Amino acid sequence: MIDNSKTEQYGPSDVGRFVICCADRPGIISTVATFLHHEGANIIDFDQHSSGAPEGKFFLRLEFQLKGLVEREKVFSEAFAEKVAAAHDMQWTLTLAVDKPRTAIFVSKFDHALMELLWRVSRDLLPIEVSLVISNHDDLRQQVEGLGFRFKHIPVNASNKAEAEQETINLLNGEVDLLVLARYMQILSADFVDQFSNRIINIHHSFLPAFAGADPYRQACEQGVKLIGATSHYVTAELDQGPIIEQDVVRVSHRLSIEELKQLGNEVERKVLSKAVLWHAENRVIVDGNKTIVFNK
Amino acid sequence: MIDNSKTEQYGPSDVGRFVICCADRPGIISTVATFLHHEGANIIDFDQHSSGAPEGKFFLRLEFQLKGLVEREKVFSEAFAEKVAAAHDMQWTLTLAVDKPRTAIFVSKFDHALMELLWRVSRDLLPIEVSLVISNHDDLRQQVEGLGFRFKHIPVNASNKAEAEQETINLLNGEVDLLVLARYMQILSADFVDQFSNRIINIHHSFLPAFAGADPYRQACEQGVKLIGATSHYVTAELDQGPIIEQDVVRVSHRLSIEELKQLGNEVERKVLSKAVLWHAENRVIVDGNKTIVFNK
Amino acid sequence: MIDNSKTEQYGPSDVGRFVICCADRPGIISTVATFLHHEGANIIDFDQHSSGAPEGKFFLRLEFQLKGLVEREKVFSEAFAEKVAAAHDMQWTLTLAVDKPRTAIFVSKFDHALMELLWRVSRDLLPIEVSLVISNHDDLRQQVEGLGFRFKHIPVNASNKAEAEQETINLLNGEVDLLVLARYMQILSADFVDQFSNRIINIHHSFLPAFAGADPYRQACEQGVKLIGATSHYVTAELDQGPIIEQDVVRVSHRLSIEELKQLGNEVERKVLSKAVLWHAENRVIVDGNKTIVFNK
Amino acid sequence: MIDNSKTEQYGPSDVGRFVICCADRPGIISTVATFLHHEGANIIDFDQHSSGAPEGKFFLRLEFQLKGLVEREKVFSEAFAEKVAAAHDMQWTLTLAVDKPRTAIFVSKFDHALMELLWRVSRDLLPIEVSLVISNHDDLRQQVEGLGFRFKHIPVNASNKAEAEQETINLLNGEVDLLVLARYMQILSADFVDQFSNRIINIHHSFLPAFAGADPYRQACEQGVKLIGATSHYVTAELDQGPIIEQDVVRVSHRLSIEELKQLGNEVERKVLSKAVLWHAENRVIVDGNKTIVFNK
């Protein structure tokens, strides 16, 4: 609820976001909204979802304005924990809208998804802070550095996989909030994935029907599919099967070569991955088991 | 918030919907949610939107479960009016989910939009009660009556327009909640429209760029548009300019004849009008001046 | 090439279609076009596709006008066989545009795809002749017969499958050109499928990623897919894997129940199956191994 | 028709394209195909369209392979003119596939459409040769030059418009085949447009219904449209009304701000303009009065 008489007084640093997940039961909205009202916070966006029986989970994302939130965050957060979260056994996060997730982008040789992300970041269209770009090849160094971003080459091969992952972890040094695999052609170990649960976003092709295995575009072409697409998802230990964030398709015909199918697929990948990262960065995605709730616009 | 331990106990007649619109200010969600919680109602769906300054309006649609709502409706409604709505100068409605809007469908000679609506109603896919079908031609009587619906032929010509509208109003007799113009080729008078403000839904073609005047598909074909579409909107005194509920398009090529463009346009009309009527019937559409808030799924 | 000075003189029975497939080599278009020109036929639509090396196949669909085609068909056809087809070892068909494929529609209990087809046939939007509707249940008899179509109930169970297929074949009696499975929930035997190679069209759900097995909509809902779709294909002995004719998708969200996903899936099925049958009926689909060339508009 | 036994022998410089437009009459395909066959050329792609009565025009685009085409072009071209084109009063062009159109891109301050084009050119996804980028502002110089393209700042104001256009023409010096207005916010004079008839491609927003005048996104937001789009067209003297090459839309909701609508509109513009330029560069677009025939894949 925007108090318009006072709208002018709020700045970007006065905006926060709650993401809440708990067992569904009566009174949660009342409790949360009343707490915020008493604290002097104005709700400006409110999205809620209840999954049906038998689990019966309650999901909430809300944005609010609170004067001096940056300074008051610690006290405010403790008050919420004590007065609201504890009683409902909530999983919850409070994020300041000004805090952009520190992001490492992983890439191999295909640059389309990477360049789309960097282009959007450069124009303030994607609220992430790109800490560095990591690649198992050195090919894209010049492009990335030319745009003013940090580039790190970490070669990976059959014999050094564990060391390479350790080097990556050392490099991230606990200071990165989000990992984006923008066509990174290496499989991450289950251990690595565990350390960044629900914080690694991947993009891969998707087809109707889906093709596993090598050279999916050749398979798609040979099968004569009429749609090709892309899926962006959180990475789990089970390859390419994590919770889906976004998907899209494009129509194709028998006139297109395998190479042209790939190019169209790349365009869909750029679009789908950009949306997935945007929604994650704005705290719009909640993971619920193997699926997601996406409170997008 | 679904109390899952008790979910089994609720039936369809225990579900209600509030649609609320008022000036935006702090505390509204808290007030509404707390009222419902104290009355023993469980919120099961909650959609909110705040328009920005300068108007600063607050829009809310929520579904709730309340044991015995049908019997308690009057008392419950009065309590809401007194304790919540008055303080915030709210425009609001409370609807029982079991109450389907009584609907009159108007049609001329093209039957595609009408038949799609009747087909969905027959299969319980569209929660409206079709009170009758009104046409300025008698052509579709057999089709409509064959499906078990009431059909009324009210001829309209240059000299009897006012009488025809009066006959229509007499026929509706204050017992119809919604009017759907499913390709009704007569212009309704401003007086008639006023009596059913935001309760008449129309469907018309739409193009990029839009073509006014006669024979729009010929114009579209001659202009070589690459998309054709349809728009469903509430009828206002200004022809074809009322608040838009839903729009969609389909891709076309130079290979299609005018007749084929019309057929594709008809398919889009069936889809778009069905969605618009569904969303209206579920109280998902709120009119805000000349536009709509649509809390669709 | 339309000779416009004479356009008025041609009627629907003067229009024919060639569909030609052969090894690709120089001179085919020249040979075919020159034959037609010498016979006095005017080409009015011409679609060609060459698959790349190594197979190198040539595909052609063309429509032409020829005065008195119905009477001249036999002689004209023999001339083409002798002068053109033999030299290039062509697979080819010549069809009169006025000859609609005689069609049997198979259905079980879900009626949405069937009704969409019958609705279009009734309005002359789908150039097929519905010889009969066959179902393994008797539920839809009244609906089908009410629209003036023939309905035959052939029960199928674990013990009578072979007899049921034989009864079906007897019923079709070599007088049906096309079989459409409009949500027919029985698996046809390889023998049966062989008798109608590339003449049985099926519709089934499709998802990103695809779900095999029972209850695909539940799987899709639990996986949180963001798109659901439908695929129409020719039936081969390998279940649900035949050459794809058409596919489409619709966007979905976490707000939709399994039942609502199914309804949206049904809408896509109606649309996709209608297109596939239309394109087949107009000889626009050529099967090339496990894929199709679709010369659609 | 690919002669596969010889496919290996052809290189990119052996590929040519004919685009032909003439009055429709019997025998054109036969004449063209026979000429090519006799010259030793193999047709590898063939798209044809006949407009209906009363005009009755014939449109053809074909690709062929001919050994040594680059050297033989002049003689080959003269033979076609004499033996084929003259008899049918054809408008026609012959283009070598290796000849990319020399292109000037015009831009003002918004860089999204420009950068998408340059990005594709850099990756060999768009077969144009960017001769230079011309802008009425100097803002984008560094970006453009950083990518290795030539940038020229030609200021335009109320008093120097004619001089600025003359300077532009001098700069182009008859050596540019295509002009792309990638969000160039100046209106070109009718004289200027005449000099580049059907060779200037523009991109502009498009809405349902279309909004003329200033600040279209504000109008669209206030009208509550559910789709926003973009149209790419050839520039004619009549502003924003030239023959449409490509259009697309994206779905929007009441939750989006005017700024967010603009960003989504920009994404559609990038996609639509890229396709329009690609199709023009591949000689896939034929202008027919105020509309286009687009032989796209």
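Letters are used for the chains, namely A, B, C and D, taken in the order the chains are written, and counting of residues starts over at 1 for each.
Everything below uses one rule, namely that a contact is a pair of C-beta atoms (placed from the backbone, for glycine too) under 8 Å apart; a residue touches a chain by one contact, two chains touch by 3 or more.
Every value quoted in this text rests on a predicted model; they were computed, and no experiment measured them.
Novice: Farthest chain from chain A, going by mean C-alpha coordinates, please.
Specialist: C
Novice: Over half shared numbers or under half: where do the identical copies chain B and chain C land at their interface, same or different?
Specialist: same
Novice: Go ahead and note the Å separation of the Cα centroids belonging to chain B and chain C.
Specialist: The mean C-alpha positions of chain B and chain C differ by 37 Å.
Novice: I'd like the Å distance between the centres of chain B and chain D, where a centre is the mean of that chain's Cα atoms.
Specialist: Going by mean C-alpha positions, chain B sits 42 Å from chain D.
Novice: Provide the list of chain C residues touching at least two other chains, using ranges where the numbers run on.
Specialist: Touching at least two other chains: 52, 253, 255.
Novice: Quick one: in the complex, what on chain A touches chain D?
Specialist: Against chain D, chain A makes touches at 112, 115, 119, 123, 125, 146, 253, 255-256, 260, 263, 267, 271, 297.
Novice: Please give the residue numbers of chain B that touch chain A in the complex, ascending.
Specialist: Within the complex, chain B contacts chain A at residues 1-4, 7, 24-30, 33-34, 36-37, 42-48, 50, 52-54, 56, 58.
Novice: If you look only at chain D, which of its residues touch chain B in the complex?
Specialist: These residues of chain D touch chain B: 49, 52, 206-210, 222-227, 229, 231, 243-249, 253-255, 257, 288, 290-294.
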